[in-house]
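Chain nomenclature is as follows: A, B, C and D, assigned in order of appearance, with residue numbering initiated at 1 for each chain independently.
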């Protein structure tokens, strides 16, 4: 059985065999068949690829970290250098390499807010107060 | 199709595991994936020193630690794997519908509790007010 | 307990709990060598700890997550492991230094070598960690630590020339004996003493221990905004007294008993006894806090059950780490190492490691997924960002300065 | 890999930083500098003992505290004497300096030891020797800026 940690950090090649960096993060979506006790199953939806810096992991852009601005502008820029590919654009993942399909098109990493529900702020226990917190 | 979306690194990996009684019982050290119908699914969580060691780059040590976890389990069950059906909530921590005794990290806690802590007077009492 | 009393108690605890062996030694040492020429560093350090401790408390109250959980979530397991090893090592040095402080304080009353008292002190610290409730530990030692106010009394009793003292503090000049390097080195030591990372581990884990929620945020703010600056004032009094009494005699502080010597000179027997009690309480409280912090950091990195809010049997590995740390700390001291040197290294290395702790706190305090509506405001972020720059410069400068000045000699 | 290198470098720096401030001296200037550090440190210890003994004599302090302060200072002075004595003087001029400093340290240690003996016996210590030694040390420092 593969593990998420094996997918993360894997080199990504396009159809011509040119390197597109490595897998920086993996997006999963909860839209699969119903799993008793959990809800809809989690499907791997796509990968964020990029080169170098680990700054992507700080999630300044994707988590919507609000400040301070020098950090935000620096780390957002670094994070924007990464590109997102839907799992449909991936030809294969084996032998420790991810290969993209010919003509694979990147998408925006953060989907529009209407389709994306981020995890509840403050966790399950505090989520009740978050709306009344202010 | 719509549903909650998560980034593996940002929202799931390394989060605190909490059992059904609110007790801390390890971290999400990895996610287990499986192929079904040509798609890749998350089948459950991995926890325990073995998975952590693998992520830190020590594959052999990791496999060995996972084996130790299985070996010390009374039923030889693999409690380093937590199938999705036992995951009650994904938030800033991950809540399980299990008791912590059914999670791999309990092996270490139990061993230390029985062999060290139990021998010290007062280990079974909450602190004096 | 009435709400007012509880808040009052919290502020007193923050004042008394602010000072530990690092502050005692660093403030007396710099007072004796530089007069008030480094007083401004204490102010800078106090503002820094206020800003970041408040953030850590707010993060803990709004998400229920202590600092080291966040360090691993945001930095990943590898970087967090390096962070853990560094933090644990520095915390260990601090723990050893605090244990030595307790033993030395007792030796001043017993008249025997402090080394003989180290095993008993380590045992006593461990028993308190094992048996006493979190709230009791915090309040008892914090309030006993207020005995250090005797330094303020001594300063007032000296009736120094306040205007020239103020001038000295606001127009720092380099003493002829010193070089810019030693000045910078001691500035870093003072800064590290004021902003010691264990204070934040302890503060945020303590907030979780006491089950803080958003309702406790006002108390958090008051404790930090009022208590810590008053604690900083206490540090300045120690520095000022040393500069008034020890500096004219050409005394440089190399031992803990020298720190309380000015109080004996100025206030006599009773003052001396109170000062020793204060040193005892401050170091004992800090020994407990660093002992617990050893357990907090390891357990939080690995996801183990931690804390004093459960029975020791329910958090066995956490208690094992605490126990082993205290025992190793005692053994380290029994090897005959100079406790003041251990203190100096603990605070200087703390200064070097500050960004490791404070950067993840700053990121999380701005992350709406953890904080909901309670993310940092603009002004706070501007201050916090300035401090992050300072911390980074300090971290880079520490090791070279340590080599150039040969450890501040 | 790079991280390991950094960690090793830090460890080395730590050990180097820990090294005793008094190392070898190759020139007279360096030797004089070390003499200065030593004498200044000796003065600090003698003055500490003087203040502590004085406070005890006035009833401002108590025996156990004073005893600890005095024996700490005695240990420190013993250490200074040993360390300074083991530094190789680079030339003839340094030999004279060595004798001078050695005498000062000897007097300081004598005064402090006498104070320690008196304090441990709960006798009134003789502060005159301490005052004399302290001022001799201060004078030497003033003469060697």
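In the analysis below, contacts are C-beta pairs under 8 Å (C-beta built on N, C-alpha and C of every residue); 3 or more make two chains touch, one makes a residue touch a chain.
Computed from a prediction, not measured in an experiment: that's the story for all the values here.
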item: Most distant chain from chain C, judged by the mean position of its C-alpha atoms; value: A
item: For chain B paired with chain C, centre-to-centre distance based on mean C-alpha positions, whole Å; value: 34
item: Between chain B and chain D, centroid-to-centroid distance (C-alpha), Å; value: 58
item: Chain centre separation in whole Å, for chain C relative to chain A (CA means); value: 40
item: Between chain A and chain B, centroid-to-centroid distance (C-alpha), Å; value: 23
item: Residues of chain C engaged with two or more neighbouring chains; value: 63-64, 76, 369-370
item: Of all residues in chain B, the ones touching two or more other chains; value: 9, 11, 55, 92-93
item: In contact (per the touch rule at the top): chain pairs; value: A-B, A-C, B-C, C-D
item: Chain C residues within the chain B interface of the complex; value: 63-65, 69, 72-73, 76-78, 80-81, 130-136, 302-306, 308, 310-314, 316-317, 319-320, 369-370
item: Touching residues on chain D, where the partner in the complex is chain C; value: 3, 7, 10, 13-14, 16-19, 21, 37, 40-41, 43-44, 47-48, 50-52, 54-55, 58-65, 67-69, 72, 76, 138, 141
item: Residues on chain A engaged by chain C in the complex (per definition of touch); value: 54, 57-60, 63-71, 118-119, 121-123, 125-126, 129-130, 133-134
item: Touching residues (chain side chain B, partner chain C) in the complex; value: 9, 11, 14-17, 23-27, 29, 47, 49, 52, 55-57, 92-93, 100, 105, 108-110, 112-113, 116-118, 120, 122-129
item: Chain C residues touching chain D - in the complex, by the definition given at the top; value: 82, 104, 107-111, 114, 177, 245, 249-252, 254-255, 257-258, 261, 264-265, 267-269, 272-273, 276, 341, 345, 399, 402-403, 406-407, 409
